[in-house]
Structures are given as structure tokens and as C-alpha cells.
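For clarity, chains are labelled A, B, C, D, E and F in written order, and residue numbers in each chain start from 1.
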Amino acid sequence: MSETTRPSGRQPDQLRSVEIQRHFTKHAEGSVLVAFGDTRVLCTASIEDRVPAWLRGKGEGWVTAEYGMLPRSTGSRMAREAARGKQSGRTQEIQRLIGRSLRACVNRQALGERVITLDCDVLQADGGTRTAAITGAYVALVDAVQVLMKREKLKRNPIVGAVAAVSVGIYQGTPVLDLDYAEDSSCDTDMNVVMNDGGGFIEVQGTAEGHAFRRDEMDALLGLAEKGVGELVAAQRAALGQ
Amino acid sequence: MSETTRPSGRQPDQLRSVEIQRHFTKHAEGSVLVAFGDTRVLCTASIEDRVPAWLRGKGEGWVTAEYGMLPRSTGSRMAREAARGKQSGRTQEIQRLIGRSLRACVNRQALGERVITLDCDVLQADGGTRTAAITGAYVALVDAVQVLMKREKLKRNPIVGAVAAVSVGIYQGTPVLDLDYAEDSSCDTDMNVVMNDGGGFIEVQGTAEGHAFRRDEMDALLGLAEKGVGELVAAQRAALGQ
Amino acid sequence: MSETTRPSGRQPDQLRSVEIQRHFTKHAEGSVLVAFGDTRVLCTASIEDRVPAWLRGKGEGWVTAEYGMLPRSTGSRMAREAARGKQSGRTQEIQRLIGRSLRACVNRQALGERVITLDCDVLQADGGTRTAAITGAYVALVDAVQVLMKREKLKRNPIVGAVAAVSVGIYQGTPVLDLDYAEDSSCDTDMNVVMNDGGGFIEVQGTAEGHAFRRDEMDALLGLAEKGVGELVAAQRAALGQ
Amino acid sequence: MSETTRPSGRQPDQLRSVEIQRHFTKHAEGSVLVAFGDTRVLCTASIEDRVPAWLRGKGEGWVTAEYGMLPRSTGSRMAREAARGKQSGRTQEIQRLIGRSLRACVNRQALGERVITLDCDVLQADGGTRTAAITGAYVALVDAVQVLMKREKLKRNPIVGAVAAVSVGIYQGTPVLDLDYAEDSSCDTDMNVVMNDGGGFIEVQGTAEGHAFRRDEMDALLGLAEKGVGELVAAQRAALGQ
Amino acid sequence: MSETTRPSGRQPDQLRSVEIQRHFTKHAEGSVLVAFGDTRVLCTASIEDRVPAWLRGKGEGWVTAEYGMLPRSTGSRMAREAARGKQSGRTQEIQRLIGRSLRACVNRQALGERVITLDCDVLQADGGTRTAAITGAYVALVDAVQVLMKREKLKRNPIVGAVAAVSVGIYQGTPVLDLDYAEDSSCDTDMNVVMNDGGGFIEVQGTAEGHAFRRDEMDALLGLAEKGVGELVAAQRAALGQ
Amino acid sequence: MSETTRPSGRQPDQLRSVEIQRHFTKHAEGSVLVAFGDTRVLCTASIEDRVPAWLRGKGEGWVTAEYGMLPRSTGSRMAREAARGKQSGRTQEIQRLIGRSLRACVNRQALGERVITLDCDVLQADGGTRTAAITGAYVALVDAVQVLMKREKLKRNPIVGAVAAVSVGIYQGTPVLDLDYAEDSSCDTDMNVVMNDGGGFIEVQGTAEGHAFRRDEMDALLGLAEKGVGELVAAQRAALGQ
């Protein structure tokens, strides 16, 4: 495992530098620019005093997410989804993942009948946009909930623990943490892992791009993910001044 | 953990009865009706002598999948996606999963410049439609490839191993195999596992619906999946007369 | 008229073998697999306790139909309408025809404020899918109404008579009954006739594909249709145990 | 049959006044404003030197039709189909009917590799828009073909006979010819009949709105249609100066 | 500047002949066929007793516009927007312009909670369709309001002044009024000017197609527009018998 | 004119602070974050070696623009256009304006057969997003052309002069320069002016929201626009180091 050189020169178990900048834009109740290396995602949390039709009158709230990539966030320009008239399957898959992940840390009864929408827009992509989005959206969500707390709209804090995400994969035979684009586009196996701050798994999505992965490889990958999420949760706490 | 009674009375590690009926319809090169208990999915494999634009001239083929549910395959009628004018995010996620899973057992160079489309249409749903679809689509794919072999269109068999899939989850605290609808709609954790006949993992997609799952729970679930896929591969072989 | 040999060897006034299998799937209130020879259509009837906006408060119900073909129900694969994002003109024309035809045997006041949706999905096509769909949907409709009767939701039976449909056409100069695909794709004139069990015409849709048809040809075709529908109504009754 | 008074005071077998105004607009190769009483439809024929992909290289042409209603051609404003983003099932059904009907009088080999598109736009509706459209579109088609003949693009005239259409129905128990809106909206049976100038039937589309119609009623309706189409063909000839 | 000959032989400051024909169709509350030379637009005004959701309960009405071109209103056939499934950017831009322009002469409180929709459909295009549409729609709007006044639905007349529009441009170096298609397709600068009968500007939309225009050119264009709108307002008054 | 106090405290002829940050993201050939006060727009220029079908083989290039607003760039969250499945009329109007404006400073023959797409995405909106977008897109365009020059793909510089844009309007009776949201949402007249560095007008789009504007008001507004664009062109030059 030791000889492989990652394109970035990182150690196999090393995250890229993580930056979490709060209050990046002024209108949203939560607005966070998160960077995992060169991947930069703007995550905003917007509060609305309504619930979807199917939740009306149940005394519960909802947390949902939308995801987009600016057309030139990538190496070659992608068609704008608004112009094509529909969101790709990949986009829908990612925004469903972000929504599920963040709902895992929210007590929806405590939130009351309101919706918080997490918009995750990729300004610059270099691998790992969905894991950066989840990690940043959590901070935006906490900020938005703080706005509600300050306005005395909530009796108790609906946030239950913290959520962060990281990708792991097997690059040239070696399990590595937090793949960048150079690794992601040539690796054999790619897994996105969403966890909470208690070490519990919220989502595990692993795909063998090349050869199928063995049980021992999976164990190694999960171990790397646990380490990475631990560091990301610490970065979230630092950003939030907790 | 041991006392839980599954709604169906099955043992925790027991699959539903599996039926794989080949040649269910006459036009498709492969046509399989697969049943996992009351879940019934019609899987057809269609060969076309063309490739997508981005593969032209590369000497490789492609395998892709589409998924649909008949409007009244479910307990209450769902809107027809063709009438609504778009496929849901769930549908797209599932058909992308089926396509990736089946490509994992195909040598695309050996297939040559043609597309095989796997249409998986749910006639009756009772949980586990995507895992039944993958398991049945494999058999349809083998039948379609046999048609090509008989027509002497291929120099060698492009099928590499077998692929099958099963769901596992934690129902009332107990890890169980092959969830039906009654279990699926009330379980805490739900994982779909796609494996090959060599015991390698192709896809792992686990979601904590309620509480996050621990590492030891994950180990138990993966063990159940290995057992279930083994039995499904045997059923595929039996159906194919191998 | 006597010399023509039909591709199937049938007599000019001979239907294909008709099979009507009730309770084919378990969720729908009515679920019928109808076969006209190799043409197989799954017809489900679904009851919903709502009416369209324009019928609200009028004390009447509604009966509507949707139609679809599985992508590989045909000789070469057709694009999935849900993926293309819209239903073809042909699909819409057929589902409007099915809906009008079935409404002709329903007393909508007696049905009360509810909708019955008839989903007709073609599993295998060999000509005459729309006439098979109408014939099978009638049986599914009767089964669904029986469910309402058993639940004591209706004061009186809203079904008024029976409805069945058959195609007729001129194949190589000879008027023939119940065209299969081989005939349909090469005949000069094609007419779909929907009738009730009292010998009344509900819909007549005739199209001259090649030369225009004469009045005497029309007379012969209508005579064949009357014979065919009579036999189909008998098959419906037998299936329903009436 | 004799006592019924039609809302318009017409005899049962009397057409509305028919006007066919050629060269109504200047750009189209054929441009006809046709009036059946208060129903007014602008029919243009446009020639393009291309064929659909599926006809390329076969040496044949194509004739197709599109149909639309101006939003306020009707008593209450209808939503604009371009704004709603799709054509209704009714629109598609009608434009398919117009296209099939006009193709019945065209020798597509003689037309050569070009498309003639018949756009039928309803300026004012008072029943019978589709039959007026077919009758007017024929004249526009002849004018467009004349343009090609004058430009010496054709070796022989591809127009084979004439085509016209009329509606018939049973109004308060009496078979009547050429229904206006007042009759159409309250009649029991409505049939659109497309015929050629040789008395042959091209399309017959009859629908029982109320009670099913008997065979003898159908005979009476077809007789009225034959009379009406005869008069319409004469009006077409007069307009064309033949 | 003086020597330029316009393709039509008109003087630089000369409008095309203007015709405003009221009551062109019978259903709409206002129905005007307006001609600016060969440009002919049918403008209907439709009253509905509803307001958009965002205006409900405010005691105000709304005036909106839709615009369309018949497919063969132009020299070569354009695709039908209803068939393509969406309105072009140009169409939306024009209908937004027409709506804003007409709202400028309506007191929406005096109109009360109702919508007037102005449908402007181009039957024949020869440049200046949007300015003809605005000019004709005003007359249709006045007619529709008169219908409301006669029905005693309004306490006071909501029409405040008159609105008309004309295009101006620089053709071969000379500022000219009311461009026809021959001029429009080859001119350097094109400006649409909407004014009221008090000489106030409601909209000015100028675009330099070739070289940017100078301030003194703009002055000349605005002067031409003032002259043209004055004449158009006089034509509106004459048509309305004011 | 002197007494009005602008919400921001600015003088009537005072721009907001302008910032032009180049190389904001790494993938695009030109990437500029432009700020007009709190309005922030990311403008990227992407080069592609293709032309639209209608330009093929003409030896010319094309410059086009797309515009979008992040859902929470505004005070209350807007629906994401990609999720709604279409771009609004406003979006299309703006992106057409940006495209036309930038094409006015490009020699398309000199550009050769390639497309430059200017994506203007609003990160934070506070009025004037379209004028900021045009001003920033010009700088991104120059950067992208410099990349082509460095790669020796161009014989001569296709950029002809500079283009910038500013809004002007009448706020509480006073003509003011560069409206922010507080002014924009309550002003009577709003005009967007696009000019080149030679003082020529490229686009003038003025709308009277309240009362129609007089000729002398228009003169004052154009004067303010000339001053503002002059300062913006200077800021562009400074940013480009010219």
C-alpha cells in the first residue's frame, strides 16, 4: 500500500485542505463557501414558512436540497441544465443524497411547519463535490437554525448531532481518502460515505468502476472514511466556533 | 435480537421464493419474468446495431438499462411517468444502478459496436424491485448474447461472470435478508448490494432511514447479502440450465 | 372472397384465440391479462375517491384510460415514452378511444364521485392492441365495480351493458376479421369497431391506407365486426362467470 | 325525421354556406381561407425541398399537416398550446387525420423528394373545424402543386382526384348534415367522413356521445355525407376555376 | 441623407398604409385585424373574471398579452411553437413588451378583479409585427372595456389615454419610420418606440445591429417616432369613431 | 434634482463601488467576478472549437451568453430554473441582451470558426445584475481571447473596442445612475444602456414603470449613462492592466 504516489502528493489517509467560509452571501439565512482543495461549493440554507402539501397539518418540518454545477465549473463547459430543460439523473441522485443526509441530523417535529432548502451550487469542481456539499450544507443549516433560534421561533434546537461526508476509493491498488478529480477519473472503486459525529453511518454508496472490490478492501475504505469524517466534523466545529 | 418475527414468517436469512421464467415474451432477444415473492419484474434485453455517439468508432459496445413501474403495480395507483412528461429522480437512480451493475459483467470490446438495452418493467411491486430487476436482467442479457453467438456475430463470449443483487436491512433491530414491502416501509436501515459470482462487491448502497447504523451492523448485513447473492446466482444458473 | 389465404391460416371471419385472465396482479381492484392471439395486454382498473376539478360537486364519477406499450413489446425496440418526455399522438389517440368506449357502458351518476382509471399496458404486440385493450378493460372495470359493490359503496350497479371491440380490414381484396400484425401492416383498409352487447355502435374508426373503400366493402366489414364483437362479449361473460 | 328544427333553421341535409378564398396571405405557396358558416380556417400549404429522415433517398415526397386554434377562436378563451408547452391529444388527433386524408390524393413518387406542410389554423370556430380544414387544405395543396408545376419542378401532376370532408350526426333523433356548434355540443352521435371525388371513403370516424347508434342510423348518416361531400367538391372546383 | 430610396418608395418619415378593422371575429370581446402595409396581426381581447394568484384579494385587475406567428406568416415556414413545445425567447420578449405597454394605459384598480388577455397572432409578417400588435391591441382593449361598461360591470373607465407603437431605424444612413421587412433585415439600427397620446415614452428599445449609433442619430429617430405615433393614435381614434 | 436622498446616500451621478476580479475560477479561459456594490456576478468565457449548424463553413465565429441566478441570490428564494424545467422570459431576455451586446465588440471573421460562451451567474443580487454581467463578461471575453492569442490560434485580435453597461432611472423625480435594488423596486422609469468605449450606443432599453417619461428626462438619463459607462470602461481597463 505504501509505494503509490497520489497525483497531489498527499498521503493515502490525508484530506485536502478544507476551508469553510460562513456568511459568503448576504440574503440567505445560512451561506457557506466550502472548499475541499480546488473543489468549491456555495451552500445556502433558506427558510420558508410553508411545508409540502403532503406534510400539511402534521406539525413537522422538512429539509430538502438542490444541487447544480455552474456550466464552467468543470474542465470543459457543460450544458446548462436550465437551458436543456431538465436536470440530469446524476444531479437528481446527488440532491436526493444531500437531502437525506441532512435530514438525518434534524428533528423535524422540533423544526415545526417550515422548510429549509439547501442549495448547493458548485463554483469549481475538482472531485468530491457531493461530499463537500454535504459537509458545507451542514454548517449553513446550523446557521439558518440559529437565525430561527434568535428570532425565538423554536422551542428547542432541532439539530441533532453533526453530519459530514467524504469520498474514499482504491487508486492504483491503494485505498485513499478524499479523491480529487485526477484520482476519481482513474480509480477502480469509489465510495461516498456520510456519517454523523457519533461514528454512525448515514449513507454508504460504493461503486466498482473497474474490478469488483473485496471485503477486506471495503474494511480499509470504511476505516479511512471514519478518519476523514472525524477531521471534517472538527473543521465544521471550528468554523462554527463551537 | 433473535425473537423478531418477520411479517412473512421467514427466517432472518431467508430469501423469498425466487422464480425466473425465460422467454416470457416473444420479440425480445432476451425476455425474463423474475419473481422475488410477490415482486414481479419483466426484464427484456434488446440488441441494436448502433452505439451512442460518444462511443462511435471505438470498437466497443454498450449496455444500458431503463426501469419503469406500471401505474398499478403498487398498492395505490401512481401517475404514469409518460403522462407526467418525466421520469422521477428515483426512476433515474434505479436505471443508472441497473446499467452500471450489468456493465460490470460485460467485456465491451468483445461485445463489439452494439447496444444491449435492458428494460425492467415492474408488473407487481412488493419491495426489492431493483434487486429483482438486476437479477432477472442478467438472465435476459445472457439469453440475448446467446442469440448473437448463434448468429455468429461474436468471436468470443462478452459475458464475464454473473451478477445478482439483494436487499438487506435492519428490521426491528434484527438484520434480515431480502426485505418485502411490509419490512421495507418500516425498517431502520436498507441496503442494496450487487455482487458477482466471485464474491466481489459491485455496488453497495446503504441508507439509514432511522438511526445511523454501526459498523458491526454493517458487517452483519454484508454477510447476509453474501449468502443471498450466492443463492440467487444458483437460481440464475438453474434457470439458464448451466 | 374465398381464395385468399390469411398468413395465420384463419378463415376470413375467424377471431384469433381469445384468453381473458382475471386477477393477474394483486393490487388493482380489477386486473386482467387479455390475449388476442399473440397480442397480450395487461388491463388494470384502479378506483380513486376523487374526481377531476371540472366534475367536483356534481355527484358524478369519471372513467378514464391510459395506454402504453412496453419498449420491447414490438419487433424492434421503441423508445420509452417516459424517457422521451411525452406520449405520442398515437398513444393519446388510443387512450382517448379506450376512455370514451368504456364510459359508454357506465352510468356516471350511479358511480358517484370517484374515478376509475383503466391502465392498458401492452406486454406483447401482434396487431389489434387497442381492441384487445377495450375488450379486457371492460372485464377489469366490472371487477372493480364488484369491489365497490361488495364494500357497499354503491346503491346500484353503474355498469350498463357490455363493451367489446375488434378490428376488421380488407386484406388482399378480402374483408377479414381481427387483423394480426402481418395483415395489419399490409392491408388496404383498417377499421376498429367498438360495440355494445345490444348490437349498437359506440365507435367506428375506418382508414383507407391504400385505395378508398366502397360502400359495399364497408357493409361487409361492419357485418364481420358484428360477428366478432358477439363472440368477444361471450368470452367476457364466460370469464366473468356470468 | 321531418319535424326537428335545427338551431340554424337549415334543412337536415343542408350544408352551411361555404366560402373558399384563395391567396388569402402572400407568402405561402397555397393559402386558403375556408368558411363553413361561421367556422373559418386559414389553410396554408408550404413546400420544402427536404424529406423526413426515414424517407431520405427513396425518391418519394411527404404531405403532413398541423392544426391549431387561436386562443380566442372559441366562445371562452382556451390556453395557448405554445404557452402550455404541448399540443393536446385532440390537436394531435386532428392533425394526424388531416395529414392522412390529404396524402390519400397525392402520388408521393410524382411529388418527388419534398415535403408539403398543410397548416390549418382556426380563426373562428363554430363546429366542424376539422372538416373545413380538410376541405380547404385540399385547395391550398392544389395551388402549391400548381406553383411547382409552373416552376417545372414536376414531370406530372401528383394530385390524384379531390378530397373533402363533412360531419354528420344525429340531432334530436334526426340525422343531419354539417353540424354547427349548437348542434355538435348537444347531439348524440357525431361522425366525420372524408371522401374522394369518386365516392370512395378515406376516413370514417363516428362516435356515439349518448346512446349507441344503430346500423340503419349509420346508413342514413353515410348517405348524408355522400351528398355533402359532393357539394363540397363542387365548391372546391368552382374556387379553383376548374 | 436625402437621396436614399426606400425599397417601398416611401418618404423617410412616411408610415405604411394603416388599416384597423374591428369585430374581425365574433367570440372575443375585442377583435381587431390591424395592417401596417403587408403586416397583418389579429388582436383579440378576452375578459375573464379571475386574477392571477399573486393578485387575489387586492381589488385590482391585470392585463397581459400573448404573441404568436402562424407558421407560414413568413417567407419560409417556421416551426410551430406548440409543436416544438416551447415559445422562443423572441416570442416571450415580444409578449412581455406588449403586456407592459398596454398596462401603461390601464388603471388596474378601476378594472377590478378581472384579467384581460390580448392575443396577438400574426397572419402575415412584413416587418413591424410587434408595433402593429401593440397598436391594434389597444383598439381591441378599448372594445373589450366598452363591453364591460355596457354590462355595467365597471364604475369608471379604466382606460387612461391611448398607446401606440412604431419602429424606426437607420437604413443606408438615413433615419426612417416604420421599417418593412426589406429594410428591417438590412438596417444598421432598429428601435421600437411605444408612446402614449400625451407624447410620453412608455418603452424605448433600440439595438445597433451594425455600428453603434450616435446621440444625434438617436435624436432623429425619436423625432420620427413621435411623428409616427401621432398618426397611429389618429388612426386608432378614427377606427373607434372617437 | 438636488434634494432627493438616495437610499445608499450616493450622489445622483455616482456609481456603486466597482470591483473586477479576474481568474476567479480556474477552468474557464476567462473567469471574472464582478461586483457593482452588493451585486456580484460570476462571468466565465468558454471557448469551443465548433460553430452552430447555421454558421458552419462560413469562416465566422459566434459569441453567445447564458444567464442565471442562484436560487438564493435574492432576498427570498426563487425556484431553480433547472428544476422548473425552463428558463423564464426574463432570463431569456437578459441572456439575449448580453449576447448581442458582446457581439458588438467582436469581429467574427477574425474569431474564426469557434464559439465563445459567456456564462453570467448571479451569486448575489442587489439590482443591476444585467449591466454588471455585461461589464464583467467583457473582461472575461478579453481574457479568453488572450488565451487564443497566446496559443497562436488567431491571426489578429477579434476584439474591437470595449463594451460596458449601466442602468439609469428616475427615482423620486430625480434621474440617478446605477440603481440598486431599493431604488429599482420603487422607481418610475428604468433604462439599461449598453455603450462602447467610443461613446456609441449599442442597446437602449427603457421602460416606464409608472408615468411615461418625457423627452427631457430621457436626455438627462442618457447623459448619466454616458458618464457611468465612461467610468466602467476605465475600471475594465484598470482590471486588464491596459
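Note that in this section a contact is a pair of C-beta atoms (placed from the backbone, for glycine too) under 8 Å apart; a residue touches a chain by one contact, two chains touch by 3 or more.
Everything numeric here is computed off the predicted structure, so don't read it as measured data.
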Neighbouring chains shared between chain C and chain E, ordered by label: D
Those chains which touch chain E and also touch chain A: F
Chain centre separation in whole Å, for chain B relative to chain A (CA means): 28
Euclidean distance of C-alpha centroids - chain B vs chain F, Å: 51
Distance from the mean Cα position of chain C to that of chain B, given in whole angstrom: 33
Sequence positions of chain F contacting 2 or more other chains: 85-86
In the complex with chain D, residue positions of chain E that touch it: 25-28, 31, 38, 40, 42, 44, 46, 48, 66, 68, 70-77, 80-83, 85-87, 91, 117, 119, 121, 123-125
Chain B - residues contacting chain A, complex: 86, 89-90, 92-93, 95-96, 100, 104, 191, 195-196, 198-208, 211-215, 218, 222
